[in-house]
Amino acid sequence: MSTALEIAPALQVAQWLNTPEPICLEGSRGRVVVLHAFQMLCPGCVTQSIPQAKRIRASFAGQELLVIGLHTVFEHHAVMNAEALQVFAHEYGLSFPIGIDQPAARGDVPLTMQAWGLKGTPSLVVLDRVGRMRLNHFGHVDDLRLGALLGRLLAEPVAPDQAPLP
Amino acid sequence: MSTALEIAPALQVAQWLNTPEPICLEGSRGRVVVLHAFQMLCPGCVTQSIPQAKRIRASFAGQELLVIGLHTVFEHHAVMNAEALQVFAHEYGLSFPIGIDQPAARGDVPLTMQAWGLKGTPSLVVLDRVGRMRLNHFGHVDDLRLGALLGRLLAEPVAPDQAPLP
Amino acid sequence: MSTALEIAPALQVAQWLNTPEPICLEGSRGRVVVLHAFQMLCPGCVTQSIPQAKRIRASFAGQELLVIGLHTVFEHHAVMNAEALQVFAHEYGLSFPIGIDQPAARGDVPLTMQAWGLKGTPSLVVLDRVGRMRLNHFGHVDDLRLGALLGRLLAEPVAPDQAPLP
Amino acid sequence: MSTALEIAPALQVAQWLNTPEPICLEGSRGRVVVLHAFQMLCPGCVTQSIPQAKRIRASFAGQELLVIGLHTVFEHHAVMNAEALQVFAHEYGLSFPIGIDQPAARGDVPLTMQAWGLKGTPSLVVLDRVGRMRLNHFGHVDDLRLGALLGRLLAEPVAPDQAPLP
């Protein structure tokens, strides 16, 4: 069954905030990756998923876990632009890396959102140490269940050939 | 002492949302007015004062009470513009009238914010039926204390010459 | 209509906690009285109405308002006895006067609970300065609505013949 | 270091609620055990740890995880007796097994509380599948951190000789 779990497609990001270098999933192998896809004017994102992203970063600081925000704007593009996002990240005190999902040449849905099959915001994606998508959830996941998943993934070995069948 | 309580200066608003006609304080005499001054990217406004404004509107529906939002942008003007505010109001399901505080010809602080002496966002201003400023508070006021003030003001007579000394 | 609002029947209390002298409603005329009827092992009481009673006491300290707890035990009498209540009040840091509703000679429902027509716990009863029952509610009342009622009642004159029609 | 992690001493329980048969830790090998030590009149237990115990039971239903309550009464013994606890468990809708920690022949602190070195209530103890104490915490642990620990322990193999060094 492990074969059914595909390696997550690469991020397609127009611009990064809060990181000197672009984040690359391939370069993050060996770490568990928690990615919160959000829009800055989405109430569920602001009240639930953004605070959870901050809690995860605070709880797993120094561990083999990477928290990433992905600004997947699929509506109201004019007002949720890069400049507005920078103000948002500053006002809400977000210090984790945030990528701006690459706008599509045609249509409203940006490229990573398309490639990953995200259904809306907030969405929560978790990759294991090998880069496989172990969770891709539209909506909120409570802290207890999410914590359990992270604990399990952190307990898995780093090397691909040691990775257990999920 | 009553003489010390001044009638609130008129609102200076560039544009109104959620109302067919501009709101005018003079035309609202006889009603208690609750005004929430906010900025759409201010976390304290989004998590506390905006939900409170919605609760007030829901709790006092049909009563002699008017809830108004005032978008007092004093920083990051470029991204907290009228178009962005409209998206914000739509996404957060705000149905009460919202005025955009008139930008100053010089300086960052808009005109009503200046005239009313507001210190920042969120600010809560309450006017009695006569139009006098009975509360002008920077920060959050808990529901119990605010409810008590509103109950007291709603119990006051409408006619100015009947208004009690506060 | 005012005539339809009856003066609340006297409290029938077996024992008082947190007060050197028994509380008597007749002796409390001129003050607004907020009475929380509860049972110490009732979850809704413990999580909602007891904390609200503490907030009211804290918010209206020094004002013409009296907060009273009434332990209206109508089930599990053996374990919700006076000794247990004292431990409960101590552990939860309750400092307002608490009366133990007088058990009935026959049946489970204590006497004040019967006389006041309380339907269960938590119940919230509010008396105006004249001693009339202005609210008798089974369940929780949110802070905003309760605050508005208290503000209105505190604004009413003390003397009975000045009391407005509610 | 694994050798330093001792197998948790056996539970010493005077009476069980919510289980047809006594719970025995030795009989629970192979499962992760989450034990909430509480007192029914301890506010921190009632508002935080009891709800968390219910969440854990709901989130990990059908999994290899056992939630146990332990009523470790070390004060006010007269009012926090078995009969009162049964009412408490009924009113709060607790369905997981609850053991009453065996009172000591001398002194206030019951026997399991002594043997496990619990410092007060609430306390949270987590045992791995092998029966080793992996957490013994006085106070509250947030859901995210606790979830991560549970996820990690659930990922560990069942057989003692396969158990990793923690």
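Think of it as A, B, C and D in the order they're written, each chain with its own count starting at 1.
Please note the rule applied: contacts are C-beta pairs under 8 Å (C-beta built on N, C-alpha and C of every residue); 3 or more make two chains touch, one makes a residue touch a chain.
Quick caveat: nothing in here was measured; it's all calculated off a predicted structure.
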Remotest chain, chain D as reference, centres from CA atoms:
B
So, in whole Å, the Cα centroid of chain A is separated from that of chain C by 51
Per the C-alpha means, the centres of chain C and chain D lie apart by a whole-Å value of 38
Assign the assembly's chain-to-chain touch graph to one of these shapes: line, ring, star, complete, other.
ring
Along chain B, where are the residues that touch chain C in the complex?
55-56, 59-60, 142-156
Which residues of chain D touch chain C in their complex?
41-43, 46-47, 76, 78-81, 83-84, 87-88, 91-93
